[in-house]
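Take a look at the structures below.
Shared between the two complexes below is chain A, which pairs with chain B and chain C, respectively.
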Partner chain A sequence: MRPFSYERAGDAAQAAARAAEVEGAKFIAGGTNLLDLMKLEIETPVHLIDVNGLGLDEISATDDGGLRIGALVSNTDLAAHETVRRDYGVLSRALVAGASGQLRNKATTAGNLLQRTRCPYFYDTAQPCNKREPGSGCGALSEGAFSRQLGVIGTSDSCIATHPSDMAVAMRALDVTVETITPVGMTRQIPLADFHKLPGDTPEQENALMPGEIITAVTLPAPVGGTHAYHKVRDRSSYAFALVSVALIRQPDGTGRVALGGVAPKPWRSDEADAELPNGARAVMARLLDGARPTEENAFKITLAERTLAAMLAEE
Partner chain B sequence: MGAPIEFEIRRRTLVASSAAVAIGAATGQRSGAQSRAALTPSGAEDSTITLTVNGVEQELTIDNRTTLLDLLRENLKLTGTKKGCDHGQCGACTCTVNGQRVNSCLSLAVMHDGDEIQSIEGVGTPDDLDPMQAAFVANDGFQCGYCTPGQIMSARSVLDEIRAGIPSHVTDDLNAQIEVTDDEIRERMSGNICRCGAYSNILAAITKVAEEQA
Partner chain C sequence: MEFNEPAGENVFDHSKVVGRPTPRVDGPLKVSGRAPYAYERHDVAEGQLVGYPVVSTIAQGRITNMETEAALNAPGVVAIVTTLETGEMPIPSDMNVAPLFGGAEVAHYHQAIGVVVADTLEQARAAAALIKVDYDVTKGSYDLEAAWQEKREDRSDPVSRVGDFEAAFEAAEVTLDQEYRTPSQSHAMMEPHASIAAWKDGKLTVWTSNQMIEWTRQALATTLEMDPEDVRIDSPFIGGGFGSKLFLRADSVLAALGARKAGRPVKVMLPRPMVMNNTTHRASTIQRIRIGAQQDGKITAIAHEAISHTFPGGDGENAISQTQKFYAGENRLIVKHLAEMHLPEANAMRAPGEAAGLMALEIAMDEMAEKLGMDPAEFRAINDTQVDPEDPDKPFSERHFVECLNRGSEAFGWGDRNATPGQRRDGNWLIGHGMAGAYRGSPAQDSGARVRLQPDGRLIVETDMTDIGTGSYTIIAQTAAETMGLPLDMVEVRLGDSDFPVSAGSGGQWGAASSTAGTYAACLALRSEIAKKIGVNDTDSLTFKNAGVRTGEKQMTLASIASEGEIVAEYTMEFSDSRDEEIVSTFAAHFVEVGVHVATGEIRLRRMLAACDAGRILNPITARSQVIGGMVMGVGAAMMEDLAIDEGRGFFVTHDLANYEVPVHMDIPDQEVIFLDTLDPQSSPLKAKGVGELGLCGVAAAVANAVYNATGVRVRDYPVTLDKYLDQLPAV
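== the complex of A and B ==
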């Protein structure tokens, strides 16, 4: 790990201003992903701004019947929150499908959205990776590469990494908004659908945040009802990243929402695919995964996504 | 042998791209490449913190890079907490911070100023074992023993977390009281790896304590 200086922030706007001002600075909250990457020198901040003292660890009701989740609410606390369990079951389910109990106690809501990909070529500093070292190439697209875990849609010739979060997939199905504050003290509301960027030619740019901008909360709209489910398919039954995951909210009339994890650089959902839900899993996935460009190793994810949704629809 | 040539090309593109990206963002989505430029810390590289470990207040000056795990093992010589993977994958380093289990390898000590830490040394003594320690002994919940401190710290928290109503991946009904089942325990212990494979005996030990506490 490279040496770094450290400060504790007491105010979100101030923290944002400091991050923009100090070159090579990064925020740290739970640290479960950042510290891992710092040990491997994939992340090499020279200054850390500890945001744990910002008082952003509350969950409160909003005026329009939704919930405002502070950026620092832990994954454990969010999954266990009474209203979340009752009205946003898909979110509780997705949270407890991710990581381990120890990690969920530390991992925060904002940190979960900002976590980096687990692509093996991003993690191996001896390999080329356009996300880690822009312009160096994509190891995952080299001949004979190991791409089984990687993305099938929304990817580019520069990068086929996936976003690893389960929480974000459920949040995409719930249409959440990300609240931020910029270094000049301006607040912004960014729909989660617009928060994560597709790689294109610049896979190192992963989200819509400006330099120094800090997430203060995530807002859930009023509950949409229906039955909620999150199904995660992985290589072992616990503590592994998704091959494919499906967040499903289904209304009694058969309409609903579907979001996919493990297949793309961001939680994957479309209105057109949602509209096909009454017509079954095949119809949904034909729309949702239209234009997919899988590798030979991960083409199975297309079939797996369809069969996972089919199994979920059959369960109800 | 084409390898040396490929390497040359990669090095050149790397240098060019590092320079280009260095003009970019200050934080947030910055890539590793940019920060590999010659930036240096803008302030002190060590810090003084006060924290309570197993009921004893400790004041220490540490390199900012020190993890909570290394603080326990190297600074305080509390070597009961083990370093397995050092990346949050094995659970051997599990301790509690303010009553919650965490991977101490993935937490910076400097971030625990004012916190209450409990490591395995704070749980029972050889003459007066904690019920979970006694149950691990009675049920042969280990072979080599390296993962055991982490398993015991985690197991104690698992029962607390079930009592607190925190759901898991295998909880059937998110809104009902959670029952202590084999599936619940196995799922909740999945962040603690045992390479000897003592899992069924670990499960038996935890079940025994859960039954005693019921």
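== the complex of A and C ==
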């Protein structure tokens, strides 16, 4: 860990302005991912702006019947919120499928969206990684590499890392919007679909945030009803990242929404695939995973995604 | 004192303490955070600095330059030691092959090549990252499959051959010929390797976390080219070892070198990725097993041929060992191959040999039973043997494997299972049952102790024996209390200090039987001292009871006898070769019920049971802990543990506990352990054997066999993860 300076911010606009002003500054909230990355010198901020005092820890109703979740609401509190449990069950279930109780107590809503990949080549600074060190190559795509856990779609020749969040997969199914404030005090509304970027040739650019821009809230639209389910498949029963996870919202008429985790650099969903839901899991996955480029070791994820959805559809 | 004939009747046959369920005596220290673990021993040496290891980032080659100036100028840095400045250092012992430190050659990934000593951990770590290293990289060899293809048909140097395997296999009515694969595994003990080193007047003290104190004292002296008398090791509490801490490791060497250069005590801990890639691991294996039997189930031919990787000059994983002894069969062939690879050093991990070997053999036995249309427990019972199948003149001392099978079957309800795979269902879950046999040798090592009767009547036991979470403190206290007629709370046990008499240490599941024997020997010597003190010639005429001693009508307290000053006795129990005239081993049968999700292939264990034949059970609580811990490790081996190798760059990719998964609480169901509590006079004066490694043996195969019974898909490549059978599960 490199030496860094530290300040506590008292207001979001001011925090954003400070972050833009100090080169190499980063926000810190729960720190469950950032601190680990700093110890390994994968993240090397010279200045930390502690945003825990910004007060963005409320969940409130919106005028159009949805919920506005403050950026600093903990994963534990969000999962336990009565309205979330009742009207956005997929989100509550995805949250409790993630990490451990201790981590969920510290992890925040905005931090969860911004957590970085758990690709082992990203984590080992002795290995090449285009995301960590642009231009150094992709360790996971080199000969003899171990890629079982990594992405099968939306990846590129530069990077096959996945986004590790469960929460974001459910949020993608719910079509949430990310609210931000920029260093010049402007607010933005970014649909989650547009928030995370695909790697292309620039896997180090992971989201749509501008330098210094800070997430203030995530907004859930009015409840869409239906039956909510989240199935996370992993090698052990708890405390592991998904091999594949499926978020499903299904309406009584058989229509609905499907989002996948564990397969791509961002929560993976498409309108075309959703439209196939009445036709079953195979039809959905044929669309949703069309163009997949798995490695030999992770090709099973395609079968697994389809079978998992099929089981969820059969469950009612 | 020599153990040179089977134990006769002794104090343990009328025991009041040994054999009773006794909560561990060190429990309160541990649950209140007061047990002094190595890295937290802030009180043992003043002015401690922190060392952070610098490790190689290539797997093989040569260091051409190390640029340390920026690190030396970094905040808080006191000293830096590099591998180039020390030059080559001796290999620590003949039980190790990889160098721990010194010289320009890099033999494996994360080999220690330096240590940065600073005021704080953060400063040392940050400075270590500033050191720039230039290498000439050499391409190493990491492909076990290729090595196997080369050696698969080479039987020119078998471990053993009995009868004519080939002819018998050819003639057998039912045969099996299959290959099985086990991955490299990490010990993944909770506490990483850690040491604090301090020099004083040319003498070195290392507070560390180590299973084998004397081995390590000698190894550290050898490495640093010192007189062993000038080295002291202290390791009273160890947060798990599983073989990873049998030997001197780089943490101690780096702490010693750093402390010498800094002129102050230095502590070093290995971060988890270095535990995986710097220290030792269980080697991966490929195993071919052939079994031939008659229709009645009697094995007529059995061959086990295995290859494992090894660091050049090492011994790999001895996966064939149990097959030499476990099952009957007149014609036998055992072949072991090694593939030298430039991975970190493969060495002992809990039940070295048997753990990996039984993962294969016990699937093979299950497959064979199915081919024969026979209950797999019955098939094993039919092939039980009371003598060494390679040398029928040599009997097992005590072998109650069939009783394990019977007792386990009955308690588990094995008879109620459906032998046809894929037939039982509970909602989305395919239900399967599996079983496996377990075999693990039970060696003994010479073990010494010193006992000190205090003026207040308390007894202090001192031995360099270690407690790696196993319960050594407790069983040694029980043994001393039993022999001296003391209540347990009047015995204090002190372990892990090289100033104490040399013991067996903890390894190879020899610790319990050996160290209690040493304690017993020392206590017998103390009895003689007490006899002398009270003027009695015949020690055997004394009765030690209720913290006192009685001779004829005369009765006095031990406190009164020692009132003028402590009475000390020291003795070593030596195990003579006569112990090996019979095979002293432990046996078990494991039974498992699993659910396999019909769509996703996720495995969830439902219940597990082990029936164990492991001599006198000294303490049913700590013995059970050992066995259920072993069962958990077996679940890990079956379902998830895999030190995945990057064959391009030659390192273990899954080098942290996020990627190298071990079971969590939710993975472990109800566990039941049955001990037969058979006595084995051939083994030790307490008629006890080891149990810590037995608990692991066979478990993974029982799980794999249960998954087969659930799904009808046979996976012979561990870990049994869903990607290996998903496409063969029923359509959803």
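As a convention for this text, the second predicted complex is superposed on the first by the 316 of 316 C-alpha atoms of A that agree within 3 Å, B and C clash if a C-alpha of one lies under 4 Å from a C-alpha of the other, contacts with A are read in each partner's own complex, and residues count from 1 in each chain.
As a convention for this text, a residue touches a chain if its C-beta (ideal position, glycine included) is under 8 Å from a C-beta of that chain, and two chains touch if they have at least 3 such contacts.
Quantities reported herein were computed from a predicted structural model and do not represent experimental measurements.
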item	value
Touched partner set for A:F27, first chain B, second chain C, both or neither	first
Winner by number of chain A residues touched, once chain B and chain C are compared	B
Contacts of A:M1 with chain B and chain C, given as first, second, both or neither	both
Which of chain B and chain C A:D235 touches, first, second, both or neither	second
Chain B versus chain C as contact partner of A:K39, first or second or both or neither	both
Touching partner for A:A79 - first (chain B), second (chain C), both, neither	first
Contacts of A:R188 with chain B and chain C, given as first, second, both or neither	neither
First, second, both or neither for A:G101, with chain B first and chain C second	first
Chain B versus chain C as contact partner of A:Q127, first or second or both or neither	second
Contact residues common to both interfaces of chain A (with chain B and with chain C)	1, 3, 39, 41, 238-239
List of chain C residues in touch with chain A within their complex	57, 75, 122, 125-126, 129, 142, 273, 428, 597-602, 604, 639-640, 644-649, 653-656, 658-659, 661, 663-667, 719, 721-723, 726-727, 729, 732
Of all residues in chain A, those that touch chain C in their complex	1-3, 39, 41, 118, 120-121, 123-124, 126-127, 139, 142-146, 148-149, 231, 233-241, 243, 281, 300, 303-304, 307-308, 310-311, 314-315
Residues of chain B touching chain A in the complex	10, 13-14, 16-18, 20-21, 25-33, 35-36, 39-45, 47, 63-65, 67, 86-88, 91, 94, 100-103, 106-108, 110-111, 154, 157-158, 161, 164-169, 171, 174-175, 186-188, 190-192
In the complex, chain A residues that touch chain B	1, 3-7, 19-28, 31-32, 35-36, 39, 41-48, 50, 52, 76, 79-80, 85-86, 89, 92-93, 96-97, 99-103, 105-106, 114, 128, 131-137, 204-207, 209-213, 238-239
